[in-house]
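These are the structures, in structure tokens.
One chain, chain A, appears in both complexes that follow, with chain B as partner in the first and chain C in the second.
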Partner chain A sequence: MNNIPKINRLKPLRHLAWGALAIVVAASAGHLAWRTLYPSTEPARVVVTGEALIKSQFSLIDHTGQRVSELDYRDRWQLVFFGFTYCPDICPTTLSYVANILDLLGGDADHVAPLFITVDPARDTQEVMAEYVSVFHPQLIGLTGTEAEVASAAQSFRVFFEKRTDETAPDGYLMAHSGYIYLMTPDGKYEAIFLEGRETPETVAEQIQLRIEKENRS
Partner chain B sequence: MKPFLVVLALALLPGIALANDAIQISAAWARASILPSRPGAAYLTLQSDQGDRLLDVTSPIAKTIMIHQVLQSDGVSRMLHLPTLDLQPGQALAMAPGHLHLMMLGLTEKLVEGTEFPLVLQFENAGEVSVNVSVLGIAALGPAEVDQ
Partner chain C sequence: MNRRFLLAAALASLATPLAARPAMPLHDAPRRIPSPPFSDGEGRKLTLDNFRGKVVLLNIWATWCIPCREEMPTLDRLQGQLGGDDFHVVALSIDRAGLPAIRKFYQEIGIQNLTIYLAEDIRVQFALAVQGLPTTLLIGRDGDELGRLVGPAEWDSRKMISLFETVIAEERNP
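For the complex of A and B:
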């Protein structure tokens, strides 16, 4: 297998990934310290440090082919997560977790923009995303773009991902990525973070509903 | 004629391991795939009284099958390729989403819910064992009797 052109192509991404990794490492240390100090605090509020830096800012193509940015969803709470369609184990679990949350929200799901951003845009084209997201939930929005656009979106969420060359993998690489699900305010600010397996879909739906109600009252 | 039919009937039973009883294979299932060009994930529960080692997995419907362990730390998940899988004597090893799966690459067909496909497992002691795998839903977490 010829890895050389791939490595060259990935170089800019690597730098970004390492930058993001440094942030994740720093954030993880804070997160751990927090968990040790306050082991039984409400999970949904336990967040990585540097959360103020997390913001929703992107320019991507949605699964219907439209160029979109965070401004297109400013009337809704954003539920943002990253993944890729070559991932048959973790990603379908996360997508159906989000689909469950949307079902539990019922009519309130109209106040939520569930955004699934691929970290593998080379293979996850708009057509692939359209076919993929529709299987999980009709309201789910799939986003892709160029590698630079996706890297920039991941950076605005402080999301770590990497491409690792692996000769046995399809197309010679495997991806690792963060499975966090970010709840962002309608104006694109960080609100909360969730993780499949840590919070039940019921808890997440409740957390979102509380915020929608609060907003409606004010 | 009759013994032949019995053997044939046994061979057609899903999820039952054939060839020998040195190894027990149960709960053989896979997730349905969405796009035929994407890999699939299959899961098995393996147990050997004497202990054994899974060396290789093949299927007529996949080009390559790899044993993948999922490592998750602080929300970042990664698939790690394991060349072989050790079975401790008498201890059931249950593959499950988010933990351990058989990554099926280069599928000749989409895995469709409700269908089955064969897997051939090569063990160090038990030799070659075939099993039929049931395809469940796209985000299934396991067969109902294992899940509940």
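For the complex of A and C:
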């Protein structure tokens, strides 16, 4: 077929993975939190009391090769989302969505750590992550690690993911819709959830700015 | 027996090659769509209105999207075969890296027939409800969306060509 330059090195992987790898990220906790925030369509209101189960806790390698944990972003709000760079069928647009939020935040983006955590660490090595995030926004931080480290990070956000080998199922489409984005407080607690396609980047940026301003006042 | 059949069917569905997939699914009725603003390689401002009167295949893609890169030669050949007064392929990039990244890729794969079009990613994503790439829309002569395919395809396959030829013929004599 045609040669596919630049991201060429991913090509052999594609052959290896005949049947293709689709990763479905189902954020069940995200759903719950969403319902709590926007219960309007639900007659039976879900009421969550106490502290959310979702918390930011991880030990991963950033795209520059540094070992990092949530403590390294203590001075900033964390905007966390899970994903992957290898999309043999349908590529999610979440990174460009988040990049737009960062653009809209302007100077306030300095108060935000946008953390893109891969759920496909076998393919998304530090080098792959570095190349990929650079395409979208200079402030984006790509995080990878071992399978166990990534699973542990996903667990702390109550994100569930699994590998599927069915290329033709509508899962590919679902995958593109899994754009849950978690806003976490600077001390790693759950603050809000945003959903790509549901909220404009303008809304998300405003929501973040409101919190930054509130914090600055107090 | 029955179970074995189901299993065989399930296994077969795991490995359907691209070419064996159904052609582009069409909507029951045409849908009005807004046009995101975009520009061509020379920086001319355009919208889909500029293509009124032609059947348009609008392919939304980016250089970071591997399946988009892989299907691009089939779109190029399709434009070579059907492009003209009745039909036009608009390969609309949403690359934040802009024109240089697109030009480089067009050169690398030796694009012959396609024009460069570029739009702001978020404008396209929201105007056309795009959440995954590639997304391809078939647009009628009056600007309505006739069908949509999310995911890659072999755009110059015989099946696709005959679909487009049918739409061109139908839309010519309403």
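The rule is short, and it goes like this: the second predicted complex is superposed on the first by the 148 of 218 C-alpha atoms of A that agree within 3 Å, B and C clash if a C-alpha of one lies under 4 Å from a C-alpha of the other, contacts with A are read in each partner's own complex, and residues count from 1 in each chain.
Going forward, a residue touches a chain if its C-beta (ideal position, glycine included) is under 8 Å from a C-beta of that chain, and two chains touch if they have at least 3 such contacts.
These numbers come from a predicted model, not from an experiment.
With both structures placed on the common chain, the touch criterion links A:128 to chain B but leaves chain C unconnected. Of the two partner chains placed by superposition, chain B and chain C are both touched by A:136. Of the two partner chains placed by the overlay, only chain B lies in contact with A:180; chain C stays clear of it.
Of the two partner chains placed around the shared chain by superposition, chain B is the only one that A:195 touches, whereas chain C remains out of contact. Between chain B and chain C, C touches the greater number of residues of chain A. When the two complexes are overlaid on their common chain A, residue A:89 makes contact with chain B and with chain C alike. Shared contact residues of chain A, touching chain B in one structure and chain C in the other: 86-90, 92-93, 96, 99, 132, 135-136, 166, 168-169, 176-177, 179, 197. Chain B makes touch with chain A in their complex at residues 31, 33-35, 38-41, 64, 66, 68, 70, 72, 74-79, 81, 97-98, 101, 103-106, 138-139, 141. Per the touch definition, chain C reaches chain A in the complex via residues 13-16, 21, 62-70, 73, 94-97, 105, 108-109, 121-122, 125-126, 129-134, 150-152. Only residues 24, 28, 31, 85-90, 92-93, 95-96, 99, 128, 131-132, 135-136, 160, 166, 168-170, 174, 176-180, 195, 197 of chain A touch chain B when the two sit together in their complex. Interface residues of chain A facing chain C in the complex, by the touch rule stated above, are 1-7, 10, 14, 18-19, 86-93, 96-97, 99-100, 132, 135-137, 165-169, 172-173, 175-177, 179, 196-197, 200-201.
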